[in-house]
Amino acid sequence: MQRPSFASRFGEPSEDELPGDIREIYEKNNAKIGFVPNVFRAYARRPEHFRAFMNYHDVLMKGEGGLSRAEREAIVVAVSSENRCQYCMTAHGAALRILGKDPILAEQIANNWRTADLSPRMRAILAFASRVNEPGFAATDEEIGALRAAGFGDDDIWDVAAIAAFFGFSNRMAGLMDMRPNPEFYSMGR
Amino acid sequence: MQRPSFASRFGEPSEDELPGDIREIYEKNNAKIGFVPNVFRAYARRPEHFRAFMNYHDVLMKGEGGLSRAEREAIVVAVSSENRCQYCMTAHGAALRILGKDPILAEQIANNWRTADLSPRMRAILAFASRVNEPGFAATDEEIGALRAAGFGDDDIWDVAAIAAFFGFSNRMAGLMDMRPNPEFYSMGR
Amino acid sequence: MQRPSFASRFGEPSEDELPGDIREIYEKNNAKIGFVPNVFRAYARRPEHFRAFMNYHDVLMKGEGGLSRAEREAIVVAVSSENRCQYCMTAHGAALRILGKDPILAEQIANNWRTADLSPRMRAILAFASRVNEPGFAATDEEIGALRAAGFGDDDIWDVAAIAAFFGFSNRMAGLMDMRPNPEFYSMGR
Amino acid sequence: MQRPSFASRFGEPSEDELPGDIREIYEKNNAKIGFVPNVFRAYARRPEHFRAFMNYHDVLMKGEGGLSRAEREAIVVAVSSENRCQYCMTAHGAALRILGKDPILAEQIANNWRTADLSPRMRAILAFASRVNEPGFAATDEEIGALRAAGFGDDDIWDVAAIAAFFGFSNRMAGLMDMRPNPEFYSMGR
Amino acid sequence: MQRPSFASRFGEPSEDELPGDIREIYEKNNAKIGFVPNVFRAYARRPEHFRAFMNYHDVLMKGEGGLSRAEREAIVVAVSSENRCQYCMTAHGAALRILGKDPILAEQIANNWRTADLSPRMRAILAFASRVNEPGFAATDEEIGALRAAGFGDDDIWDVAAIAAFFGFSNRMAGLMDMRPNPEFYSMGR
Amino acid sequence: MQRPSFASRFGEPSEDELPGDIREIYEKNNAKIGFVPNVFRAYARRPEHFRAFMNYHDVLMKGEGGLSRAEREAIVVAVSSENRCQYCMTAHGAALRILGKDPILAEQIANNWRTADLSPRMRAILAFASRVNEPGFAATDEEIGALRAAGFGDDDIWDVAAIAAFFGFSNRMAGLMDMRPNPEFYSMGR
């Protein structure tokens, strides 16, 4: 069966319509991984939204802080799995396989982080990310205290929550757009 | 009873620690409404996060598009009410009272948008925002088609969903931080 | 926008059709607060129901016992908020603002009692009221024991539960009737 | 195994402490069915509550209206089953077996009204009662219109909803009190 | 009202179409209890399914192990009640009344095992069965450890879970087939 | 990280303790795929349970009927994903990749069948399987009629439901046992 290749139900601009900064991002992706992830192609319809989304994404996923790149991707995969987001599970599943260097663990987290073979630190991270993902989340002093006692600093706690919550937003945007994973993602990092 | 006045469980920088661009935002708020909303004071702890959040916020709430400022605030209030976010219900409730020029309707939306006295257009907006707020949201062709048939353009649909989903993120950050409404919000716009 | 002024989808009797005892209640309300709350006008369609409802209401809300008037109204507001009852949140929200003498706290309870600035006693009351409001509620010995240990007598516990459960009933009747708040309620006690 | 015979975790008054009107109700029950249902013994601790509860109960269950006594008991059994109320399922199950003259149907309704052998009229009644029992119930014009089209008058609709909602209240009070069914109920009407 | 007597929406074979082994089971049932339970008549449409189901059923309900026959039936009744399965509540309710020799307790378990008069051992069994019945069940080391500490062996724990989960399967098959209880079940064991 | 290799928290027999028929199944698996799936090793602790489970499994997954082998595996993967069963998603995910000859589609179904690129026939199958997986499932005449109108025979409908419900049982058993996927499954069929 031929996979659909569109990025979004709202369509995408042709490459010659792209503003220079976005065109440059397309080119970097083509150079690095050989294709442009559909999330870029979907957001490119509205450059201001593209820039705001990608800027915040990079602050959260590549900014300074105590969480490793792999831990940040694990949060995205676990939350996107709870939210059943087809695009994010696939694209960030590939990222987690590559950054985490443990493709089996990546798949376990995508299936169900609760029964994955997690280190205590990773279990604490994903358990809190999952709490943040619940409707009506409001952390208690006890929850924050338990994370601090387990060695997490305030900015680490902030980052776990911010990544989890931002991808709850991102999952919903992908669901809105009917965003489909680029086929290349499925085999990356296996 | 004295209201707590702190902005976040993670604390806030003193004003002389603020970077220039954030200090300027504080000053503008003090000049315009007489106080600095706690959401600014909470995010100021981490300037990169402050800038990414406020930038995206402004694209969504003040950017071009077919939705009025009041309609955008109504989405925030309805979603924040479903998510039971104390800070957002209060701060954006005040904004909706002022921008919507109908304080009773604003309170009805905060109580339960389903039984509020809404125009058909506002009801369609808030019903879709509420759908986006559901866990596991993925829009169907039928849902998008119904909105288009009701006169909403693709960017309008995108904006309703993006505002609803972004404030689901924001609600969770406020719940994380134990963010408290500034007391001034309660009486604004009544 | 003009607010709808009807009390119930099932209509209401004209004032000259009212039995004497109900007419007297109308007159007392007009004398005291300047209008007849729509809950009276809705129930007046069926005098036997009016009397049974108001009698039980008064036993619960004005009867002897260890709970203050404001504590009783706080239970009503918290439960009605969980049940999203537009009429009860508004009418009893006004009562709580007046009796509790703390309009900000009243609004916090209407938004989300869990993140309101509550005294430990009020928190225990509203937490138990919320438990009672759950489907399939059956208290355990441990729950009752914890309330007794916190200083509540058996009749206090009974009253918290009875008020919470009775207003679950009342919320559903208001939802049945499409009962609308009288506009006067919105500004009372602010 | 010996069944516990107490009526309520809060205890009950001895018979010589009873006010005259309540003693009279005890005597009538003893004369008619040979025992005093535990709901009376539990509420007798607080005579004002006893009277308010029984008065409203009788308006709903024995008042004028288009619903038969058996239909009213069927609502109580269906709602109490959804709410898993041990006392009400048992006591009103007995009443439904007797008044409905179909003990098998009564047991089917206690098990699951949705898969019981119901007439279309009974199915419409119980389906609406179950809707009323949902948290956050607010009837729509469409739902009310469908019931009217099926031949129900406004007071019938009110009665279905009021009985369903009142027993949601009563179920929670029985759950609070740990009210146990009198053993006699189990065999009545079989 | 005449009870429907069919066993399944998919029909059943006439007795002369039955394979010899199934005919023999019919004859044993007729000899022992005077009728053929509808579960046999429904599965007889597909003999391979009939044999696989009945074989597994007998391993679970009559196989060796530390659970009594009555305890096994109690699991079936409690789980079938949570799943609202009309056929299984009725047929296994009869079995529990007979094997458990306590018809009142059997009815309490059918109503709500949580508020039934259970021994600590039975309460532990039914609490774990109910946990197994939850969607997404995965036992933790703590839960298994608590059962072991309470005296249950590994095969007992397996049996509680297997009976609970197998009847979750059986409940859904009865729901699929619209399987109706034979009228004889209602009075057996009272 | 070394993957745990045990099959079940309850342990497994050594190969020389195995009864002959089970040993033969081990040998067949070793010959065919090079390892013994942990589900066999877990059930081998109790040979009667092993035989009953595998017999029923084979009737459902390999018996006669209108559903292809790949369609049956797709039901297992979709239901196991809804129930978050780590073992079944992995082992049957591998089977679906092999039998369905479309590894990308297999992964989409494991992520979320609702947003997978399904044929209308497959969508109807998985939508009904998902319905069966809901708590309290009871099919309506309308649902069965819609499946018949879409070309499914009664035995096909039975098979979809039976596979879905049987694996709800199997998922819970895997959750009970803490069953872990053999590492070989992760790469099979990619």
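Just so it is clear, A, B, C, D, E and F label the chains in written order, and each chain counts residues from 1 on its own.
Just so it is clear, a contact is a pair of C-beta atoms (placed from the backbone, for glycine too) under 8 Å apart; a residue touches a chain by one contact, two chains touch by 3 or more.
Small disclaimer: the values here were computed from a predicted structure and weren't measured.
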> Thinking of D-E, which of B-C, C-D or A-B forms a repeat of its interface, with over half the contact pairs identical?
Replying inline: B-C
>> If more than half of the interface residue numbers appear on both sides, call it same; otherwise different. Which is it for subunit D and subunit E?
In response: same
> Just how far, in Å, is the C-alpha centre of subunit F from the one of subunit C?
Replying inline: 52
> Taking each chain's centre as the mean position of its Cα atoms, how many Å separate subunit B from subunit F?
Replying inline: 45
> Can you give the whole-Å distance between the Cα centres of subunit A and subunit F?
Replying inline: 29
> Which residues belonging to subunit C are in contact with no fewer than two other chains?
Replying inline: 84-86, 112, 114-115, 136, 138, 175, 178
> What residues on subunit A touch subunit B, complex-wise?
Replying inline: 9-10, 46, 48-49, 52-53, 55-56, 59-60, 63, 82-86, 132-133, 135-139, 141, 144, 154-155, 157-158, 161-162, 164-166, 168-169, 171-173, 175-176, 178
>> Quick check: in the complex, which residue numbers of subunit E touch subunit D?
In response: 1, 3-4, 81, 84-86, 89-90, 102-105, 107-108, 110-112, 114-117, 175, 178, 183, 186-187, 190
